[in-house]
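A, B, C and D label the chains in the order they appear, each numbered from 1.
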Amino acid sequence: MMTSNEYVSDYTLMELMAATMAREFRDTETAFVGIGPPLIAAMVAKFTHGPNMTIAVEGGAIGSAPRRLLTCIADSTIDEKAYSCLPMWRLFGDQQRGFFNVGLIGAAQIDKFGNLNTTAIGGYPRAKVRVAGSGGGNDIGSSVGRLLVMMRQERRRFIERVDYLTTPGFLSGGDSRQKAGLLGGGPAAVITDMGVFRFEPDSKEMYLASCHPGLEPEQVKANVSWDLKIHPDCTVTERPTREQVEIMRILDPYGLYLGNGRAQMADPEKGFDFYMKVLENSYDMMEQLYKQKS
Amino acid sequence: MMTSNEYVSDYTLMELMAATMAREFRDTETAFVGIGPPLIAAMVAKFTHGPNMTIAVEGGAIGSAPRRLLTCIADSTIDEKAYSCLPMWRLFGDQQRGFFNVGLIGAAQIDKFGNLNTTAIGGYPRAKVRVAGSGGGNDIGSSVGRLLVMMRQERRRFIERVDYLTTPGFLSGGDSRQKAGLLGGGPAAVITDMGVFRFEPDSKEMYLASCHPGLEPEQVKANVSWDLKIHPDCTVTERPTREQVEIMRILDPYGLYLGNGRAQMADPEKGFDFYMKVLENSYDMMEQLYKQKS
Amino acid sequence: MQKKHHTAPVNKVMSLKQAVAQFVQDGAYLSFGGIGDRTPTAAIHEVARQGKKNLSLVSDTSVSFVHDSILIGLGLVDKFEIAYNWGGIWGSDAVYRRALEQEIPQRIEIEEYSNLSTGMRFLAASMGLSFMPVKSLLGSDIPLHNTRIKIIDDPYTGEPVALVPAAYPDVAFIHVQRCDPIGNAQILGHIGDDDSLARAAEYVVITTEEIVPTDEIRRHPNLTCIPYYCVDAVVHVPFGSHGRGCSYCYAMDVPYGNQVNKAWATQESFKRWAEEWIYGVDDWEGYCQKIGWDRLIRLARAEQRYQKYGEVR
Amino acid sequence: MQKKHHTAPVNKVMSLKQAVAQFVQDGAYLSFGGIGDRTPTAAIHEVARQGKKNLSLVSDTSVSFVHDSILIGLGLVDKFEIAYNWGGIWGSDAVYRRALEQEIPQRIEIEEYSNLSTGMRFLAASMGLSFMPVKSLLGSDIPLHNTRIKIIDDPYTGEPVALVPAAYPDVAFIHVQRCDPIGNAQILGHIGDDDSLARAAEYVVITTEEIVPTDEIRRHPNLTCIPYYCVDAVVHVPFGSHGRGCSYCYAMDVPYGNQVNKAWATQESFKRWAEEWIYGVDDWEGYCQKIGWDRLIRLARAEQRYQKYGEVR
């Protein structure tokens, strides 16, 4: 059952996004990923086409093999069976040195050269909407080999120029990124709930590379606030395989990341018992997954 | 027997130097010391008036309790029971931050402002006599709270201006050290086989503070190649106590540092067996010393 | 810059109340360590309880509901130097948003960096330096709004490089798994920037799950990333990171965070939450009592089932 | 500067002969790690045995008789970047003196630093930077003779500060106590600058006392200061630091050093020594055979009587 490569149609949009993102990772690479859907995507890659892929997480752990659900980048279980736990500055220094092939982050806004905003919408420092700030985003965008971005497609999020440029994409396009002194390769792909975007080799402008099943390019374009280019070979996004979906459901059986599981946990009466059950059950399920896949 | 504070007269010159140097360390201080006689001096201090003193060694170990003779700054036994083993850059960085109150090093040449040469005598880079180079000397001289120096007294070693300024003392005196941007306090004492030297508070010029028993200031002055100032209160160096000498003989029973024990070890036939004996015997003797002193 | 005071290898065990009273002045520049894991939440509550005010804070990654936002929401903070402050899995941080969007309860000055550049700020200070170069920040808007970041031509390559200023907190609070009475602290798992932070701060308060004999420390000298000479106070605070986890000791309490998140939705309900959970108890022991020891023990079991240091389970 | 090649988590076990042949070119810029303890002597002998020439070397603290001076005396080195090169307890290094005083066997260019500034050179390179600031070197003659050191006015304080250039070796050899087949290396005791060096070099060869399964590495993730992604070759070389010690494994062989010291007194006797001990054996196993396994085992016992990792004896 777990080896099936056939496509399925009973997937959620979040599962499609994670499966699509999983395909961006390559075997033997070292990947720097954030928690939640990005980690799910990276783990799906590791359990399918990337058995020799290593996942490093901002908190400092490299190559861990957690058998308990991760709830953040520094959840203690991300230490579990790690190859190494480094100071955070050392891990990010390693990234600056170029040890990490690929990094995956999210954003509140993106612009046509792949620059990201995770700081403030509508003014700074007094913002209309304040968000978390750079965290490792700016560092990953600055230095990682290929930057992958996963975010929600909305017209107000896909804008000509981000309100605040937290994480460099290709800045103003062309060779502006290189001229700024940045070391990494810049954005390689943006995956949303509507499609996959990539960047023109010279101008560095974002274009639509594929639409998710059931959508037309013009529908995607309507959710982008600049005059989005559509690649002449724009295709339909590959659907998830049975294997991908099954792995995701083992990794996140209660839909904490890819569904609505967090609501259950917030229940003041039964939330804690539910949480304990989630943690305890994940052990056996994930142990099984490691065994099947190694 | 080990508690006697009476002075003894059956000591070697090296033992006098080490005992005198031991008095420069204060209880509760963190001391950064090199191997050989400096380490013996620091350990004598720790086992007498400085039970809460901590010894850090360039190799990266802090607060170790070795029960085997140390043969260099990174002899494995200096790890033994250490509080911490840090990367070397981190240990030296800690010194730059000011965690180390006092540091003790040797030198091939010294000048009247306490600048040291451990690099080259008579020309550079092609020297008449080449020595080891800075090692940690320059760093310790630059940043430690008080710099202590232990060296042999010879006219050609005590010179107006060192051939090569490896380790900063007070540079050209006055406030020149501070103007150069150096953080540490500079030299506090120089101890040789003839006397103890200190530095004038304003001019920062070295002066003779005490002569070792049996010597007159003029005899010391004859072994210094500039017009050495003699402090009006120049005294006679305190002799070693029985306790100090006894500790030194436990620490170095074969005279490897303070005597001629190294020659025996060089014997191609019996040297290795002798060395094994030295290592093995030191265990019990030093264990006893720790027990008596803690 | 060198340390102004000297820390000796003597017994430094004291209560958290005493440590905060002794080392934290109004107007102090504080940093709370950890990286999600090992958040020194108990220390943050005690600083709040003693009403220390006009604080400046510097953090790398602050997971709001157990961290800096508590002090921000209470109006105790004037300035905040930060790379990331948010709720993580717990989501949006209403207290932080109110402070930055509406200046409730008061305006705070904000100075932003990234994770690496914050790490470089502590690393610089840990070695007595005033700045560190970094290849992040270039081309972004971060240096446009933070004039303490300098973009220069690298004197060796001619390429642009950013310089960030060293961060020397007055006091750092760091929670660890084990520490001896003189302050040799060992961290298991996630280290964050705490190796540098402990050296950067003028005074360091270690809160620890366990106080162990020095001989236990000596067994694993390579784990002692914070030597005694960095440390001014050693405080025994089991479950001192509750809410967040402490690797090898206990798991995160995610449902707790969800409750807090909900409570922080308005400034009024945030204040009620603080009244109940911070001011309504005498100390961290009182807080643990209120959370329930049974709950804490279940979190410990959940962690230790998977992870035991020195074992592969 | 970023890495030019990518190192994957795959089996990297090979012989020392193969590793030197594959990674070291004539004219290479090499660094041998350790800090006295864990000197990669076996690797140095193999580089000599393969006659790699026109080398540049960069070291922090090199204890001559088992380290860089071997290659210098054999005329294989054109340039030497160094903080300290001497015999330690073994005393004066005649090979080094002949090279610098008399240009025997040939002139070498020398570029000097201190320990901390060398550590900063590797730290800079480990993070892809081109320089690092340091408060050493100021006022000394070191920067007068080394123009790659720049003394500038600190852009934050206005005070003088020294900048040192990053050191990016082509190949680094590091000897460790244990490493898994994919290159996760753990160092016990003295670390030296090897955590930085492993990241600074383009290619890294780990020689190890023991190759352990990855699950053994996973038991103590905080000890893995060199992750697999730094490493290109893993070579099993028991007693690979002989002469020097290897913490928790074996003690220094001081009488051996005394013999070597004596043998190095003249260039002729140095050459005879090299003929016998380096060229006269096929590999490090041959060298160990010649030293005598019984002697090596006695050195191991002498160390392990006092020190066993994870125990206080």
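Heads up, the rule we're going with is that contacts are C-beta pairs under 8 Å (C-beta built on N, C-alpha and C of every residue); 3 or more make two chains touch, one makes a residue touch a chain.
This structure is a prediction, so every number in the text was calculated from the model and none was measured.
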Pair of chains joined by more contacts [C-beta pairs], B-D or B-C: B-D
Separation of chain A from chain B, taking each centre as the mean of its C-alpha atoms, in whole Å: 57
Where chain A and chain D are represented by their mean Cα positions, the distance between them in whole Å: 40
Distance from chain D to chain B - Cα centre to Cα centre, in angstrom: 27
Residues within chain A bordering two or more other chains: 61, 79, 81, 85-86, 93, 96, 143, 183
Sequence positions of chain C contacting 2 or more other chains: 128-129, 134-135, 154, 159, 161, 188-189, 191, 195, 215, 218, 221-222, 225, 312
Touching pairs among all chains present in the structure: A-C, A-D, B-C, B-D, C-D
Residues of chain C defined as touching chain D within the complex: 124, 128-135, 150, 152, 154-157, 159, 161, 163, 165-166, 187-189, 191, 215, 218-223, 309-312
Touching residues on chain D, where the partner in the complex is chain A: 1-3, 6-10, 125-129, 184, 195, 199, 214-215, 217-218, 221-222, 224-225, 227-230
Residues on chain D engaged by chain B in the complex (per definition of touch): 35-37, 60-61, 63, 82-86, 88-89, 96-97, 100-101, 103, 110, 112-117, 119-120, 122-123, 134-142, 145, 154, 159-161, 188-196, 225, 245-256, 258-259, 261-262, 295, 298, 302-303, 305-307, 312
Of all residues in chain A, those that touch chain D in their complex: 28-30, 52, 54, 61-65, 79, 81-86, 90, 93-94, 96-99, 101, 143, 183-184
Chain C-touching residues of chain A, taken from the complex the two chains share: 35-36, 58-61, 66-68, 71-81, 85-89, 92-93, 95-96, 119-120, 124-139, 142-143, 164-168, 171, 176-177, 180-183, 256, 262, 265-268, 271-272, 274-276, 279-280, 283
